[in-house]
Amino acid sequence: MSITRRGILAVPALAALPAMAEAAAPVRIGCIEPLTGNAGSAGQSIKQGITLVLDIINTPHPDLAPLPLAATSGLPRLGGAKVEVIWADNQGSPAVGQSDALRLITQDHVVALCGAYQSSITLTASAVAERYGIPFVAGESVAANLTQRGYKWFFRTTPYGPDFGKLYLDFLAYVAATGLAVGKIAIVHENTDYGTSVAGSITEAAKARGRTIAQTISYNANGTDVSPQVLALKNGKPDVVIFVSYTSDSILYMKTFHTLGYRPPIVIGDDSGFSDPAFPKAVGNLAQGALNRSAFVPGKPDSITYKINALFKQETGRDLDDTTARAMQGFFVLCDAINRAGATAPDAIRAALAATDLPASRLMTGYKGVKFDSSGQNTLAYSLVIQLQGAAYVPVWPLAEATAKLALPFKGWT
Amino acid sequence: MRASLRRVLIAIAILLAIAPVLTQDAFYQRIAALVVLAAISASAWNVIGGYAGQVSFGHSVYFGIGGYAALLAFTKLGLPPIAGAPLGILASFVLSAIVGLPSFRLRGHYFSMATIAIAALAGLLVTNWGYAGGAIGLMGPATPRSPADLLFRSPLPYYAIFLVVLAILLVLTWWMERSRMGFYLRAIGSGERAAASLGVPIRRYKLYALFISGAFTALAGSLYAVMIGFIDPDSGFGILVSVNMVVMAALGGAGTLFGPLVGAIILVPLEETTNALLGGGGTGAAYVAYGVIIMLIARFSPGGLAQFLPRIAARKSPRAA
Amino acid sequence: MSEALLRVSKLAVHYGDLVGIAEVSFEVEEGAVVALLGANGAGKTTTLNALAGLVRASGGTILWRGERIEERSAHEIVARGIALAPEGWRLFVQQTVEQNLRLGATALAERARLAPLLERVFSLFPRLAERRRQSAGTLSGGERQMLAVGRALMSDPKLLMLDEPSLGLAPSVVDTMYETLGRLSAAGLTLLIAEQSMELALEIADRATVLQTGRTVLSGTAREIAENPDLHRAYLGAAF
Amino acid sequence: MILLQLAADGLLLGAVYALFSSGLTLIWGMMNVINFAHGDFVMLAMYVAFFAFTLLKIGPIFFVPLAAMALFGLGVLVYVALVRHVMRGPMLAQILSTFGLALFLRYAALWAFSANFVSLPDNLVGGVYQLGGIRLSASHLLAGGTALVLTLGMHLVLTRTDLGSRMLAVSEDRVAASLVGIRAERMQALAWGLGAAATGVAGGLIVLFFYVSPEVGNAFTLLAFVTVCLGGFGSVPGALIAGLLIGVIESFSAYWLGPATKDVVVFALFVVLLWVRPQGLLGRA
Amino acid sequence: MLLEARGIVKTFGSFHAVDGADLTLAENELIGLIGPNGAGKSTFFNCLAGEARPTLGKIRFRGADVTALSSAAHAGLGLARTFQVPIVFEGMSVRENVMVGAFLRHPARRRAEEKADEVLEFTGLAAQADMLATALGTAGRKRLGIARALATEPILLLLDEALAGLTSAEMEGAIALVERIHARGITLVVVEHIMEVIHRLTRRVLVFNQGRVIAEGTPAEVTHIPAVIEAYLGRRAQGSPESRAP
């Protein structure tokens, strides 16, 4: 997709921003996240994560050297300017997210935006950024349509729906080769935009390979009982169950599996709920062998990821989850681009973002790199398949990244 | 007394009309546009909820219909979103007739409950309606294809459009207030038994009121979708959408011409600025304050802020023997 | 004569600016039966409601055993020994006969006396004993009246006030009711009976007070009142 | 067998619905005041139970009564400080007041406890029981069973004790109640206390198998409204039957029609019932 | 015959509030409806006004069957009523309250306003026209109730205790008003407790007791009918009172 004409509303980018006046004036970035509302938990975690990234960028962290801007203090090419984040609460509302974006751009004069967790809010907030000619980096929103709008100022570092579908089908093809049946796939998804869009992407990816989904169950995530769904699965006897679920429902599913004595041979959780640190804590002993996707694993003790996780844990008492890590990664990419631009003019930042080419070694997530196509999508975005073994998830596929052996079928509880 | 009151309020309205032009700041201009948008739906609610006293908690249905009509017109027919507004209004008439008539038999809390349930039901149906984007919602044009798409960088054009609609609605309400219809609605809201004894056809007039109220709420929904460029079940049919209309009208004074506008002028900037000042902290402090303010109003001024005005007027009048 | 049990002086009640009663004065002596007479709307019910603490007096005084009680609320008054069987009975129709009676004893300080009081009511009104488990809503008019009186008696009052005990009842039921009231009076209970039906009330009363449009117009012994030619005027207007 | 399993699951959950709805119906029936903060009462009770466990290390035998007591206090406080003043005012003011209360409670909880989902450890009430072919988890059994017993208990308290009889008397006829010496205000405060306490117990039981977050009450408020309307305002047995019915309807419609549509079925039934029989299943006309 | 009600029965559950009542009214009559509390006057009245539908019986107004018509339809036909406890429309001035009634025959605001002013003048409320109706006292509210009903230009006006609770001076004014209304050619049915008023106003009264009309005649006549005296004063009223010796 080519960069489109910006039409009648195109305006020259805001020229003289205060950040340019003094060399060491802080560089302001606006972050729009759900700090309250249904997704408040995720938004708060992202806020903690990005605050950690700020610390890594603004103060020297030589031990994290491969990460962009870690070793130095501030943005070297802007005279060591510190990065500052202006936070905005999107309250889970697309309209509020849009107000946030406008306020951050016109009142706080931020040079770039990031966020906004919910795809719907990323959609409306980035539309404002587009009209104002301010770069917007989405580190965590996965809806496919975000990068199908022909926007010039929108960049997404995270893998999105179609990537996940591809990942699961590749993985299942590998499992099939080991001799396990994977013919009947069931998708169980919560019915807000996250669940619906990811389930749709997986279904499409399956269709692209000439496979069909045997059973699709859509449910409301705030229900207190999931036994009917589990009974329906028990009845349908699928080989693979893919859950696209939030936290409370993921936990309920595992509990209900146990209650009803049902063990599907392969259980895959699509990130979100399965990745919440609360999940292994609450039902780790009932969900042994559950698979999950993640772009982040702490890894070996001396790895960068391990150290970052340790820093995060020190601050929050929790392990870093996938969503937070992807948001942090997006923020790293944005700051790196601003630094490379050597200026805070939006055009310069945009050009630097478009020219981003970060290798996997300089990332904190398991992407194969960061390189944007013309739609702003990171073409090297990638996830790993991880498996709950004991108290924690370990990477099991692709084999090159695996630290533990894939153990199937799903064991659940003992 | 009341005439001079009206003059003051009209002055406020004029001030409101020119206020955003005075500031160059797009964020304040946007707040002004949102105030007017909120005032449209709250004033529309006011026709049935305030004047006729039928406390609907389901007006999000109309708002959602309007919003979806606009973006369906865009995504399915390739029309400019605003072209869907008439369809939304048409659908609101049909819905009013289907849903209003049986619900009007219910009084007080029962009516409110029925409207809540209908709105919740509508939201669920749309969530499960794949054609209309299901839970993912619908997106407006990403970039303007023609001026008719009404995609502007500056909030001012939106403000102007909203203000025209609000002005039409308020003039209509003002005219209604002075005509037989307005008298009948207020009589119904005050006491159905007495109104019926004077020959007021109660259900017919409730339905008329719902037609007007629903149509303008649907229009507000369309305008919302045009400006925001996105609608999903929650932002169209969510219970908070209804509640906001009720709270604004009640705060300013339900059943008064300018009450909902006053409510919007107070609440929208309050929400936006508390979110701007406190929202980044993520503590929810903004809503805590919001909740306390609402409780205080309910406790100490149950008739809304407008209540104080006629109170004074009444106090100054001589008592009849 | 000893000090009156109840002394009402210049009692006035306003509902907003509607006049309930303008100036009502009378006395009730211990052990007496006093009839409060007057046509519809004369202010009998308002007077009793004010005595029971249901409506606040806007003027005048109510002296009960030497204590001013016009400012007291209903639950304090019933605790002091004044009970009212109200107009239209106002039973708790969703509850059983026995529950209604037990509710009548709410103000009773000594719960141990509840059982004997219940027995007294059941012996006065055997019909209620038969229907003690039945819901009050299923009772006939006469039985409802019995229950209303029984409920009032459950607080073991010194003064029992009855508002139109004969209203809407069959004559035989009224006879029984008045017989029972006579027995209660003979047992020493003081009674204040508001009646439209003058004849009935004067049959049982020692003294009577006649109200007209919210004022006391006549007071005296039952015989004096019955023979007073002004009485008809108070009821049926000027044509007499 | 699946049908029995569905029915059993639905009934257990329905019993919990019935319990927190009976709290609402008590308040509603007695005072004709809608409490929009009802779900947030459940949420607070869940937090009380959660913190009682994590901070005081006490189990459900203690934290459920503790939640009940805490909510009792809250109910009385809300009545005395807020509801008492608005209940005779215009309906809009009543609605606004409890709506403001809901916002306040929800976001005060967010402020105090953060937006994070928290839950009790799974093994607190662990284990699975097998009855014939039906498998039921201990936490659901405990919650459903307790809820059933307490809802029935509440019904018995209302119908068989002097206290309950007095409360019903106030709701039937405030004037007559004051005539026999009942202090109506006290009874109404007590009704708020008891209603909230029932909600407190429900919250303490739900937390055994469900997550807590400041937003969790949302789901319960609407459900409680439906249950109360369906059962008839003020009727505890009505709330019980309606709660169980909704539990079972949800369970079966989730299985047959898909879980996303189970609420559609419940709400549609509710709207139609409201149109046809507004007084509810067991309510009086 | 203006109005004819035949065999009206209205039951609530097993309770017969009205138990076979009849009424015929000629043009420009002014009749009184009296009876002790609970006699069924109000229910009968509600049946006539279309607010309650009789369980049995038929009501004809100017020859047309109106038994099943709504109260709004009654008003449209020229059958208006007032309420014992006046319901004023809040937030509206006295004039606006009356205009609600006037709009029935005059959809245009200006004409409705003129009609309202005329009625206000007629009922003596002109001075209070611009006051909020809720600021009126009881007498004013009752008068407003009458004015509102008059504004619908009725042929027949049903007055439900329009004078109860008034001071004697207010009552004089109210009686004069009723007489003026009658003088305009409007037929009136007056439910009243205060016998003095009945004596002064009406030529014909119907006495209700236990859901039936037990007597009919001039006020002077009916007050001498034993059944009426019994209904009012109690049974055996004409017998010698045997009061207990003090």
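A, B, C, D and E label the chains in the order they appear, each numbered from 1.
The rule is short, and it goes like this: a contact is a pair of C-beta atoms (placed from the backbone, for glycine too) under 8 Å apart; a residue touches a chain by one contact, two chains touch by 3 or more.
All values reported here derive from a predicted model rather than from experimental measurement.
S.K.: Touching both chain A and chain B, which chains are there?
M.R.: Per touch definition, common to chain A and chain B: D.
S.K.: Identify the chains in contact with chain C as well as chain D, in label order.
M.R.: For chain C paired with chain D, there are no chains in contact with each.
S.K.: So which chain is farthest from chain D, going by the mean of the CA atoms in each chain?
M.R.: E
S.K.: State, to the nearest whole Å, the distance from the C-alpha centre of chain B to the C-alpha centre of chain D.
M.R.: 32
S.K.: Nearest whole angstrom, what separates the Cα centre of chain A from the Cα centre of chain E?
M.R.: Between these chains, centre-to-centre, one finds 76 Å.
S.K.: In angstrom, rounded to a whole number, how far apart do the mean CA points of chain B and chain E lie?
M.R.: 43
S.K.: Centroid from C-alpha atoms only, then distance chain D to chain E, rounded to Å. What do you get?
M.R.: 49
S.K.: Among the residues of chain E, which ones contact at least 2 other chains?
M.R.: As it turns out, chain E has residues touching two or more other chains at 137.
S.K.: Would you give the residues of chain B that are in contact with at least 2 other chains, written as numbers and ranges?
M.R.: 127-128, 282, 284, 287
S.K.: Among the residues of chain A, which ones contact at least 2 other chains?
M.R.: In chain A, the residues touching two or more other chains are 35-36, 40, 43-44, 191, 218.
S.K.: Once the touch criterion is applied, which pairs of chains come out as touching?
M.R.: Pairs satisfying the touch definition: A-B, A-D, B-D, B-E, C-D, C-E.
S.K.: Can you list the residues on chain A that touch chain D in the complex?
M.R.: Chain A reaches chain D through residues 35-38, 40-41, 43-44, 191, 217-220, 222-229, 231-232, 234-235, 247-248, 251-252, 255-256, 258-261, 276, 278, 282-283, 285-286.
S.K.: Within the complex, which stretch of chain B touches chain D?
M.R.: 55, 57, 102-103, 105-106, 108-110, 112-114, 116-118, 120-121, 124-125, 127-128, 239, 243, 246-247, 250-251, 254, 282-288, 290-299, 302-303
S.K.: Across the complex, what residues on chain B touch chain A?
M.R.: Result: residues 25-27, 30-31, 34, 127-128, 134-137, 139, 142-144, 147, 151-153, 155, 224, 228-230, 232, 234-235, 272, 275-276, 279-282, 284, 287 of chain B touch chain A.
S.K.: Show which residues of chain D lie in contact with chain C when the two form their complex.
M.R.: 162, 165-166, 168-169, 172-173, 175-183
S.K.: Mind listing the chain B positions that touch chain E in their complex?
M.R.: Interface residues on chain B, with respect to chain E: 178-180, 183-184, 186-187, 190-191, 193-202, 255, 310, 313-314, 317-321.
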